[in-house]
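One structure coming up, written as C-alpha cells, with questions to follow.
A, B, C and D label the chains in the order they appear, each numbered from 1.
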Amino acid sequence: MSGPSIGVAVIGAGMAGRAHAAAYRAAGMVDGPELPDVRLVAVADLNARQAVIAARRFGYLRAERDWESVAVAPDIDVVSVVVANHLHREIVEGLLAEGKHVLCEKPLANTVAEAESMAAAARSAPGQQAMVGFSYRRTPAVALARQMVADGAIGTVRQVRAQYLQDWLADEKSPLTWRLDKERAGSGALGDVGAHIVDAVEFVTGQQVAGVSGLLETFVKQRPMPGERAAGTSIGGTAGVGYGPVTVDDAAVFFGRTEGGALATFEATRFATGRKNGMGIEVNGSAGSFFFDFESMNELHVYDGTVPARDAGFRRILVTEPDHPYLSGWWPPGHVLGYEHTFTHEVADFLSDIGSDRDPSPSFREGLQVQRVLDAVERSSAAESRWTPIPTS
Amino acid sequence: MSGPSIGVAVIGAGMAGRAHAAAYRAAGMVDGPELPDVRLVAVADLNARQAVIAARRFGYLRAERDWESVAVAPDIDVVSVVVANHLHREIVEGLLAEGKHVLCEKPLANTVAEAESMAAAARSAPGQQAMVGFSYRRTPAVALARQMVADGAIGTVRQVRAQYLQDWLADEKSPLTWRLDKERAGSGALGDVGAHIVDAVEFVTGQQVAGVSGLLETFVKQRPMPGERAAGTSIGGTAGVGYGPVTVDDAAVFFGRTEGGALATFEATRFATGRKNGMGIEVNGSAGSFFFDFESMNELHVYDGTVPARDAGFRRILVTEPDHPYLSGWWPPGHVLGYEHTFTHEVADFLSDIGSDRDPSPSFREGLQVQRVLDAVERSSAAESRWTPIPTS
Amino acid sequence: MSGPSIGVAVIGAGMAGRAHAAAYRAAGMVDGPELPDVRLVAVADLNARQAVIAARRFGYLRAERDWESVAVAPDIDVVSVVVANHLHREIVEGLLAEGKHVLCEKPLANTVAEAESMAAAARSAPGQQAMVGFSYRRTPAVALARQMVADGAIGTVRQVRAQYLQDWLADEKSPLTWRLDKERAGSGALGDVGAHIVDAVEFVTGQQVAGVSGLLETFVKQRPMPGERAAGTSIGGTAGVGYGPVTVDDAAVFFGRTEGGALATFEATRFATGRKNGMGIEVNGSAGSFFFDFESMNELHVYDGTVPARDAGFRRILVTEPDHPYLSGWWPPGHVLGYEHTFTHEVADFLSDIGSDRDPSPSFREGLQVQRVLDAVERSSAAESRWTPIPTS
Amino acid sequence: MSGPSIGVAVIGAGMAGRAHAAAYRAAGMVDGPELPDVRLVAVADLNARQAVIAARRFGYLRAERDWESVAVAPDIDVVSVVVANHLHREIVEGLLAEGKHVLCEKPLANTVAEAESMAAAARSAPGQQAMVGFSYRRTPAVALARQMVADGAIGTVRQVRAQYLQDWLADEKSPLTWRLDKERAGSGALGDVGAHIVDAVEFVTGQQVAGVSGLLETFVKQRPMPGERAAGTSIGGTAGVGYGPVTVDDAAVFFGRTEGGALATFEATRFATGRKNGMGIEVNGSAGSFFFDFESMNELHVYDGTVPARDAGFRRILVTEPDHPYLSGWWPPGHVLGYEHTFTHEVADFLSDIGSDRDPSPSFREGLQVQRVLDAVERSSAAESRWTPIPTS
C-alpha cells in the first residue's frame, strides 16, 4: 500500500462506473470495522470525454484513456474493473500483475476458461485481494436472509426459487445493441442477470449448485440495427434492410439440485413485461421460509414454521434496523436504502478486507463456480435439456 | 320453540335478504356447538314478485307480502329483519310482541329514540333472543383480532384507526336514490357504513367510545332524480330540471377516545374513488399492533412488539386455519372464505345462542350504544365539531 | 332428462363432496343463462355414516353406500364423482353407460391409459355431458385473465410461470397417508396440484403444452405409519418400527414450451413452508402481463405495456364487479368471494351446458391432455430430465 | 457569490447534518438544469469532536464550533441549518443578515411568531434564497403525485388522508429526551412529523388547509430521566425517583378542510407499534385516486376512475423511470432510490434555484403557513377540539 490512505481507480465510466465511484466516496458512511481513508485517484475510459466528465463529477484527481496507465500508477492501490465482460480477463490479470487489489464486475468472465485463468492469477497473488462484484449480496435483506439460514432459523433448506425478471427487450423493435451479440456479451439474460441469482442462491443457502437442466430461448431473433429502428421491419420473419441477428438468449430457465440436496429453480429474462428489476428469491426450509424481491429491496418476508398455526404468517421485516446487516451507520428505522447502497456496502466490505488483509467473498474462485453453473445451463440447453452436473475444482 | 327444528323467516327480499337466506341454509357447515335444524318457512317483501322469486330460489315454503303474516305464523321461530332502517322499530317490536327471536340488520334504527325503544322491547322479552346484524364481527380475521386483544397479545390499546371507504357516489351524475334522502335513510355514509366501524372498534377493543369530535360533509349537493341522469345538469351550482337535493352526508370523519383512554379515528365515505369495500381497522397497543382490510378479508396483519427488532415485522396471517374462529368446519388452510360467510357465521352464532338460551352479541343494547355514537358525531358536526361525550345508559 | 328439474347425486362424501353439494345448492345464485332447477337426490359413500350425515346436512333425499345404486336410479340425471383417483375410470364409465351426465373430479385418472379409456367413453355418449373438475378455472380472476389473453390485451404470450405451493408435508413427522402411496394416489404433488396448474396454463393461454423437461423429488422418504407418529423415529435414515416408504413425489418442477412457442415453468410442491394454497400464475406477453395468487383469489394484477412508462404499473383489479366473469349475481363491488364459489360456478356452468346441450369445458379430452403432460414430466424425470414431447391425439 | 463554484456550510453535525452533507456531495448526480459546482467548506457544531469527525468523513475544509464563524466567512455562499428548532430563528436571521442563502430544516420554527419573523427576514433579503427543508416533497413518488393532481388526472380533490406513523416511543420505559420537553422541542409528534404531512398535503393538492379540529394526546406522562431507565418505575401512576414529566404530545389527530373544499384527515404519532416511518398519504378525487407510503417510497399507487370497471384498479407505479421526477440521472428502471435521495434532490433543487436566481419552494412563507396550521391544531385541542380557522397573511 502506498501510504496511510488508499488510492482508488475505476476502469469504466458508464453507469456501473458511476455506481462504483459513488460507492467509494460514500463508503465511510458504513459503520463497522474502521475503514481506510480513500482517495479517488483516476477514472479510465476509452471514451475520453466520458472519463473527464466522471473525473469532474466525482472529484477524481485525473482521467485516463487506457487501463495500463492505471496499472502502473504508484498512487493507486485498488481498482474496480467495470468494462464489457470480454475485456475482464486481460485487464484484471494485468492489474494483478502490477500488484493492485481488484474488484471485478460480474460475471467474472464470458467463459469458464477465462474465469479459470483469472482465478489462477488471483491465487498467484496472495497478498492482493480480488473480489467479484455480485453486489446484490450486499442488499441488507439478502445478507439478513443468509444470516438466518446460517443460524438454522429455517431448518434444512429444501426448495429455492430464484428469478431475475426484467422487461427492457419486450419491445421487439428495440435495437440490436452489443449486449445482444454473443461475441461481445458472452451470453444474454443468463450471463447478465442469471449470474446474479446463481450467486445469490449459493450465498444465501451456503450451498453450491451441483447439477442443472436448462433451456435458453431467443424470442426475437432479428432486431433493427441501432439507429434504424423506424426504417426496418421484421414482419414475415425475414429481416428487412438494417436488421441483424440476436445471438444471445432472451430468457433462460433452469432447475437444479444443490450439493445439500435442495431443489432449486431459476429464471432469468428480459421479456417479463412490467417487471423492471425483479430479482427475487424464495427459500423453503424444514422450519421456515423467506422471500425477497429487489423491487422492494428493504423488505424480507420471513415465515417461522415453529409458531402455532393460529399465529403464523410471513413477517414483513423492514430491514432498516440498527441490528440489521450494514445498517448501523445509516438512518433511523424505516428510512429506507436504495440500489446504490449495495455498491457502497460492497466497497466498504472490500476496503475493510484489504485493511485487515482478509480474503474477500465472493472470491474469484466463487465467481468461477458461478461461471461453471452458467456453462452447464448452456450445455444442457444444447443437449435436449439433459441433466448436467457442475464440475468441481 | 315450535318443535325439534327451527322455522325461519326473512323480512326483506333484496340483496341483504338473499345474504340472510343463503346464510340460514349454509349455517350447518359451521362446526361447533350443535346447531338446531333449520326450516326456511317464509320470505316477506312488499314487492310480491321479488318475494316469490326468492322463495323459489332458496326453497322457502311460502312468500308473504307483509311482516304481520310472519309475526303471527306459529311455524316461525326466528325472523331476520332486513328492510329500510326507518321501518325497523315497528316491525321488530311487533315480532318481539309475538314471541319471535329477531335478528335485525344494522344500524338498529335511524334515531337514538327508536333504538332505545327497541332495546327496551328486547329487555321486556327475556326468553327471546334479539341481535343486531353487525356481520363484520363474524369475519374470522376480525374475530381473531378481538381474541388477540382480549388475550393481551398487543398490550394496552393506545390508538385505533378505522375506515370504511367506498366509492359508489364518486360520480356526481349518479342519481338521487332513497339512500340519499334523510327522511328514509336516517343518515348517509355515517349510518350506513360508519355504524359498522364503530361496532368493529368497540368489538375488537372491548371498549366503548366515550366521546367524539366530528365533521360531516356532502360533496355533491344536488343529484339527478332517478331516471333523469342524462337530461339534467348541475353546472354552475344550480340544479337543472330534474335535480333534487342530497340531504345526507357523503362522508363523515371523526375522532374520539374510548373509555379506556385509547385515541380512535374514524372515516366513513362513499367518495373514496377506487376503494370498493375498504372496511379497515388498525389497532396499536403497547406490545403490538394489527391491521385488517375487508378487501383482503382472509388476512390479519399482526405485529408482535416483544420480538427483537431484527426479527420483527407485520405477520400476514392467512386466517384459514382450523384453529381460527369459525374455521373448523370449512376448507383446508389457504382455501379462502368470502363476504357471505360473515352472514353464515352470524346466523350460526344466533341459532346456537337460541339453542343454548344464551344472550347474543351484539345485543340491541350494543346496537343502541352505536346509535348514540353516531348521534354524537352528528351533534358535534352541527356544533363546530366540538367535543361531544357519549351518554351512558 | 327425467323431468322439468334435474336430479343430482354426488359420489363421495368427503371434503370435496361437501364442496360439490354446497355448489349444487347454491348454483341458482349465479346469474346468467337460466339454470334448470336442481333436486339433491342422493349422496353415496362407502362410509355409510358419512353419507347419512351429508344427506341430512345438505338435504339429499337419500344416502347410498355404492355408486351402482346411483347409476341405475331413474331420478338422477347428473352425477359428481369425487372419490380417490384410481376409482374414477370404473365409476365414470359405469355412469356414462347408464346415461348420466358426469362431472369427474381432477385429475381425470391416474394414468394416460385410464384417461384415454374415459375420453373414449365420453365420446361414445354424445348426448351426455362429461366434464373434468378443474375448478380453479372458475375463479373469476382466472376467467378474467383468460378473457384478456383471448382479447389480445397482453399481445403474444411469451412466458408463463405457474406454481402450486402448499406446505402440509413440510413436517417430516406427519404420517404416511394413502395420498403418499403411488398405488392409490397415482402421483404426489404432481398429480394432485400440478394437474391444476397445467390446466390453468392451457386454459388461460389457450395453448397446449407441447414438451417438457422435469424433475420429481421426494424429500422425506420414510414416514410414520398413521397413528404411530409419536413412537417411531427416522433418525439416521433407517426407519424405525412403524415407518413406511413414501412412493410419490413431494415436489415436481418442470419447464416446457407451448404449441405457440411460449416458455413455461411449473412447480408443484407440498413443502413450501408458509404457503398454504399458493396456486399462482403469471403470464408475460408482448403487450402486457398479469399475475394471480389464489391466496388473494379476488385480485388480478394486470400490466398494460402500451401505457407510457410514467403511468405504467401493475393494476390490482379487485375482481368483484358486475362486469367480471361469474359476478353479476353475487354481491356489490368489493364484497369478495371465497374458495367454494369456484365449485358453485363450475356446477352452474355444467348445469347450464346440460340445459343448453352444449359441450362443457374442460372436457374429458382436455383432461386427457393434462394427463399426458403429467406423464411426460414423470418420464422426463426418469430419463435425466431429458426434453419430452407431449403426444397429440 | 464568491466565485465560479458555490461554497457550502452545514450548521449541525447530527443525523440530519450528515444527510445534508451527503446530499451536497451527491447533488451532481441529479441530471437536469446545470448545477453549480459545490465546495464543502465548513461544518459547525457545538460538539467540536462531532464537527471534526464530520469534516473528515465528508471532506469539509474546516470544522467550526459556532454558527457566527460560518455567517461571516466570505468563502461560504449557502448554509444548511439543521439544529434544534428553538435555535432556528436566531441563526437563520443572522445568516440572512450576512448575505447567505439559507436552507432551514423543518419545522421552520417552534412558534408562529418566530416563523413570521423569519419569513419577514427572508422577504427583506430578495437576492438571497431561503427554503424550508420539507424533504419528503422530493420523494419522486410524491412529486409525481403532485404532477398528476396538477394535470387534472384525478379530477377535483375531495378527500385526503395523511398519516405519519412511528413507534419509537411505544415503549413506556424509553427515556425522557429533549424531544419530549416542550421548551426545547416546541411540540412532539405534531411539530416533528405532523409538520411533514401538513406540507405534503398542501404540496400535493396545491391547496392550503383552511381550518382544523384537533386533539393532542400524551399517553405516557412520566418517563425515566436519561440514564435512569433501569432504576425507576412508573407503576401506580406516580413516578419513581428519576422520572420527569413529558410535556409534548405523543400523538396528534386532526381533520380539516382545504381552501378548495376537500376534506382532510391527519394523524401524527410515535406510538404506532410496528410502523417505523409510515409517512402516508391518500388523495381521492372525482376522477381518480392515489396513495403512497414512505416505507415503500419507490411506489405510487394510482387509480384511474375513467377506466371501465372491468379493468380498473390501483396501479403500482414503480417510480424509477427516466420520465419520473428527479430520476433521469440515476439508475435503470427498477433500481430503487432511498431516503437520502430526498435530501439530494432537495439540495439539487436549491442549488439550481440559486444558480437561476429563482425563488425556491417551500419558501419561508410556506413554512409559516404550516406553522399556522400546527398552531391551530394546538389551539383547537385546548378548546374542546372546536373548529379553528387558519389565519391567512
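Quick note on the criterion: a contact is a pair of C-beta atoms (placed from the backbone, for glycine too) under 8 Å apart; a residue touches a chain by one contact, two chains touch by 3 or more.
This one's a predicted model, so the numbers in the text were calculated from it and none came from an experiment.
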Chain pair with more C-beta contacts, A-C versus A-D: A-C
Chain of greatest Cα-centre distance to chain C: D
For chain C paired with chain D, centre-to-centre distance based on mean C-alpha positions, whole Å: 54
Between chain D and chain A, distance of the C-alpha-averaged centres to the nearest whole Å: 36
Inter-centroid spacing, chain C versus chain A (mean Cα positions, whole Å): 40
Per-residue multi-chain contacts in chain B, two or more chains: 275, 312-314, 318, 333
Complex interface listing, chain C residues touching chain A: 154, 158-159, 161, 163, 167, 170, 172, 213, 215, 217, 219, 251, 253-255, 261, 263, 265, 267, 269, 271-275, 282, 284-289, 303, 305, 312-314, 384-387
For the chain B and chain C complex, residues of the former touching the latter: 15, 18-19, 22, 25-26, 28-29, 57, 166, 168, 275-278, 294-298, 318, 320, 331-341
Touching residues on chain C, where the partner in the complex is chain D: 144, 301-302, 308-318, 321-324, 333
